[in-house]
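Scrolling down, you'll hit the structures one after another.
Each of the next two complexes has subunit A plus one other chain: subunit B in the first, subunit C in the second.
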Partner chain A sequence: MNYNAEHLALGCIQFFIIVLLAPFFAGFIHKLKQRARGQKGINILQFYINFNKLLKKEVVLSKDATLISSLAPYIVFVSYLLILLMLPAFYRYSLLGVSSDVILIAYSLALATFFMTLYAMDQGSAFGGLGASREWFLTVLSEPSLIFIFISLAIYTKQGRITDIFYFIQNGAENAFLSGAHSSSVSIAIPFLLFISLFIVSISENARIPIDNPETHLELTMFHEANILEASGKHLGIYEYGSYLKLTIFLTIMSLILFPYMAVNIYQVPLALTTYFIKMIILCGLIAGVEIVNPKMRVFRAPNVLSVSFILSLIAMILSIRGF
Partner chain B sequence: MDKILINKNIVELNDFLSLVNNLKETGKYLLGIVASDERKFDSKFNIKYFFGGNGIIDEYLVKVDEKFQSISKICPAAKMYEREIHDLFGLVPDGHPDLRALMLYPENWDFSVQPLKKDYDNLVPKVKEYGKYKFKEVSGEGIFEVLVGPVHAGIIEPGHFRFSLAGEPVLQLEIRHFWKHRGIEKVCEGKDFNEVMNLVIKISGDNNVNIAISYLQAVESILNIELTERAKYIRMIYAEIERIWNYVRDVAWIFMDIGFALPAQNLFSLQEELMRLNKSLTGQRFLFNSLTVGGVNFDIDSLKIKAIAETIERVEKVMKECEAFILNSSTVLDRLEFTGKINKKTAEELSLCGISARASGLPRDTRIEFPYLIYGKFDLKPVLFESGDVFARTALRIKEIYVSKKIIGDLLFNLPEGDIIVAYENKPEAYKYAVGNSETARGNAFFYVMADDKGKIFRLKYIDPSFRIWPSIQYGVLGNIIADFPLINKSLNLSYSGNDM
Partner chain C sequence: MIMEKIAELFIILILVSVVLNVSSPFLKFAIKLYSFQSLMLAFYIFMGAIHFNSINLYGSFAITVIFKVILIPYFLFKTLKRVKMDKEIDMYIGIPEAVVFAGSLTLLSNLIAQKIIKIGLTFGSFVFTIALATFLIGAMLMITRKTLFSQIIGFLTIDNAIFLAGNSITHGMPLLVELGVLFDLFVSILILSILILNLRRNVAS
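Moving on to the complex of A and B:
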């Protein structure tokens, strides 16, 4: 694969569009939920305004904090940016497409979680430790599913890079569609299972109802929020933006499994971008729907749900090894 | 005038313990302990113990100089009252297991200054550290503490909760309250009865009508005022409307705390409707200033009757839907059932009242036990649940809304003609006292009011249901995980301001 100026330019555009859209998707979910409850709802651009406001505020660190506390927000944020550099959301040649190994993606996510929980404990507040242990309790349970999802995709397509994986699926689907006949090279079961499995993992990883409640003010029930309870000012802004990026990463991967359509040249970009946006809106609606009709479950019920996700990804993996 | 049967006794210190033991065995429970500085005319402090049960309030008077016998060991409910008396009067309960300061924090208050003594000069001692407060210690491998409050992440009143945890399960919870002690009891002294109404309704705003009913019951009994029938009916209507809106809000917040905002918002809009009804009735969303000594301030005309009837009809409809929704939703039931269980025995020992007692199977409802206004005419049965968990407290509230709706319906239908207020010029006898007792949405509101020789207030003591119930949370959370604490707390929905006068 030769990189040329077009790849570079479109890759950059893709990266910036996703990064800039991330708070919009989070805000959109929030707005949908509020409208469904009969509330007027926030400004859909509210999360941009919040970020801007927080950036101007000073950072207050606990007197027990070490260097980790000053670095962790940036490491977390950069990890997510790194993943977004790899994701082919609507353009096949993402900037870091060459090194977009699925294992790298999975563990960049883990790296971010690791530093976020270090930050939580470094501040020396009681909630930090509580939040960190809860965060790992969920991450440890959802990580196997995530790895299995990626590996079954890799086995299914015999590709290692996420750009190639989805391009392969896209091609297979296109060929099957163009030839008009039932093609044995396309599986419906595997993406379907993986989608559901990834959806459950997304809910857990992004602190959504029924696992966690992103809107709560109750310190004692928090998972994700308890980690950043001590964060203030710029750090808090970066963490919150980071959480929007994480949500966007998961939604984007889901959108690619749901319906992979990536532009390969500049002429396809408008259509691919529109498709991407529509897919993301649908997925936001799905997340909001789940959040509206469910209460938060008991903390120790979470493993049951995550085990469903694991089993689904396991089945998908067996199917892909057997060549469905 | 509502007659509360009071059986007055004076007891000697020596045989008091065995007497309390006997009382407990006959099913009586502690309603309150009231101390009063009567050295001016009696040369001693008076401590009055009020026990309730079987429709009669038993009063036991103990006269003390400096020390009195603690009854906490056989009647754990007395623990908080005795600590309070220790703080505010400097009297020492002999044999009390835990005599740490309750309201006057050693961190900034000189303990040698006791504000409820009559010789207190109304001066705040110099703010500096006079001592330290020692929390209970729990130690062991892997055990850690989580401190919550007094400043919380949401808009909540101040309270400090100290959890000792082994992982998620709670080993022990210690509560420290009274961060904003206002000294209402002291402020009330020397004021006249009408003036104090303004303070009484602000003790705990969301229950102000029922609290005021209790206060007025005591005051009108001191002044020998007989209310008109119509005033009684209207007081009850306001009281029951207040109960309904409180319950609707409580149930909404339980949904909120399990992260289920959709049904919560539905109930919040219902609460808003009720508060607008309040405003149309009295010009006040919280029904403040609706009652006055000798009657009520706002009459109810036929238009208002129609508005009330329509609203409570709607409330019942929405709550029926809500009840069906809870019972049919496994995810909701999973959160509510078996969470925050308060055993019947615990409820008995702590003399709980209101929702907390009835959810644990104790038939305690002031409206039925000591009927006031015209509750006696209604054939009320206490709504009881046995399980004592969050589900029981939620379901109980919903069921009681139906009861209140029925009461209001009957009252509106039979509203007698007449004045809503009686003029009075009665002066109280010197040092006459009376008690008031009413059922708020949280439980039993108990007032002790004593007049002085000029017709002003000599001693006013209010015991909020929250004051009795707060300690029970420490037992309710045992065996639960810390993440469920906010839900347990919300299911009791206690007042910080009523607790801390």
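Moving on to the complex of A and C:
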């Protein structure tokens, strides 16, 4: 399709809004959790302040560190930015919408994890190797369900790009529920299964509480934190911003599965943006609720939960192949 | 149209609750899941009752709610409290393996259901697939777990699956038949709970 100036401008605005909102969502979850525990809670903009502070500090690298250590934070950050360029959060024509293949998104996430673990092992500290092995333990378990989720979305809608997939779902839902037309191409069961499955995957990938605790630096509970333990200054800031971006990516995909509403022209953008924001706030509340209610799980019980997510995505794929 | 989709959601929730049942070793959670599963079955029957407007199905809905959602879980909870078990530890295969096995059973039942539809029997293929999968997973639950309590849960799951398949093939069984089946089930649960208590008292450590 041809991109004109309006598409480019709105795509840029969408990209910058999501990138700028990412620390806000992470801070909102944190604040909700602290309020529920009866604490006063951090400033909701605290993560922006932290990032700003860390950017001014200098980077300290170990003397054993190679070129990988100075490159890895940027590769991780850029691969998350690349995914955000593809996602149609509230505007249908995202900037990289033409090349937003679902497999590419899954592998960009894996690339970021790969370089983060390389960074962990490169500096030669004992915690790095531990963190890397734990991170891959979880990633290997959640990777198949992520791939199955994307593939079953692709089969369900018979589209390859993520923008087209969600536009198809939105159109189908509008046809079925608003105008009441006979439409057999819409299913409630498949998005529901995919949503539960993706929710479990995103809890594990973003190091949230039943699997991992993002707040502590206790060696028993560190999954994600052990990888970036050696990072300092600018590198640490970039890694933390990267983790907020990752959370936002997962929440955005979930919000699109739950209730896809994307603007196709400039007049629908305000409503779509508001809807997007409300959906994200609800999902943040959901994640904070899960974190408050559940205690941290033993590491070796994580495969139980992740295998459920795998099987749910498998069932969704079976249903979407047979055409419900 | 939308009614059909919502009914699909209820059926899917039955399968999801069975998979969760396989993945969790906690017995209290298993009973709660059974109750939830029966409620979803009851809602499915209720949708059918509205659709076909049949008095049999309304009656079936009512007795399902009374027996399966309230009475059987209540007795199971009571027995569980008496025997003071909270976790199933004896299993022949581990939980992740069992869950993946449950997924392959779902695949298998999908294949079988498609073959059966090709033969020309006409009934809801979606419901039949899920019912078959639930049946097989319930049987797997009975085989892989060692204690009597989990086996009862597996047995009840199989019963739910047969109910679901029955409701998908026919427009509701006669009320008398259903009442008889449910009463049999109820009595068997009573007998089994007494059996568990006696076993505990006489044999167990």
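One rule holds in what follows: the second predicted complex is superposed on the first by the 320 of 324 C-alpha atoms of A that agree within 3 Å, B and C clash if a C-alpha of one lies under 4 Å from a C-alpha of the other, contacts with A are read in each partner's own complex, and residues count from 1 in each chain.
One rule holds in what follows: contacts are C-beta pairs under 8 Å (C-beta built on N, C-alpha and C of every residue); 3 or more make two chains touch, one makes a residue touch a chain.
Bear in mind the structure is a predicted one, so any value in this text is a computation, not a measurement.
Asks: Going by the contact rule set out at the top, does A:297 touch subunit B (first), subunit C (second), both, or neither?
Replies: first
Asks: Which holds for A:216: it touches subunit B only (first), subunit C only (second), both, or neither?
Replies: After superposition on chain A, A:216 lies in contact with subunit B alone.
Asks: For A:126 in the superposed arrangement: first (subunit B), second (subunit C), both or neither?
Replies: The first partner, subunit B, only.
Asks: Figure out whether A:310 sits in contact with subunit B (first) or subunit C (second), or with both, or with neither.
Replies: A:310 contacts subunit C only, not subunit B.
Asks: After the superposition on A, what does A:107 contact: first (subunit B), second (subunit C), both or neither?
Replies: The answer is neither, since A:107 touches no partner chain.
Asks: Tell me which partner A:229 touches in the superposition: subunit B (first), subunit C (second), both or neither.
Replies: First partner only, subunit B.
Asks: Touch check for A:188: first (subunit B), second (subunit C), both, or neither?
Replies: Touch partner of A:188: subunit C, not subunit B.
Asks: Based on the superposed arrangement, let me know which partner A:277 touches: subunit B (first), subunit C (second), both, or neither?
Replies: neither
Asks: Inside the complex, what are the residues of subunit A that reach subunit C?
Replies: Listed in rising order, the residues are 176-177, 180, 182-183, 186-189, 192-193, 196, 303-305, 307-308, 310-312, 314-315, 318-319, 322, 324.
Asks: State the interface residues of subunit B toward subunit A in the complex, per the touch definition above.
Replies: Against subunit A, subunit B makes touches at 144-148, 152-154, 165, 167-168, 255, 257-262, 264-266, 269, 329, 331-332, 334-335, 481-486.
Asks: For a test of understanding, state which residues of subunit C touch subunit A in their complex under the given definition.
Replies: 1-2, 5-6, 8-9, 11-12, 15-16, 19-20, 23-24, 95-96, 99-100, 102-103, 106-107, 110, 114, 125-126, 129
Asks: Quick one: in the complex, what on subunit A touches subunit B?
Replies: Residue positions touching the partner: 33, 36-39, 126-127, 129-130, 133, 209-210, 213, 215-221, 229, 292-301.
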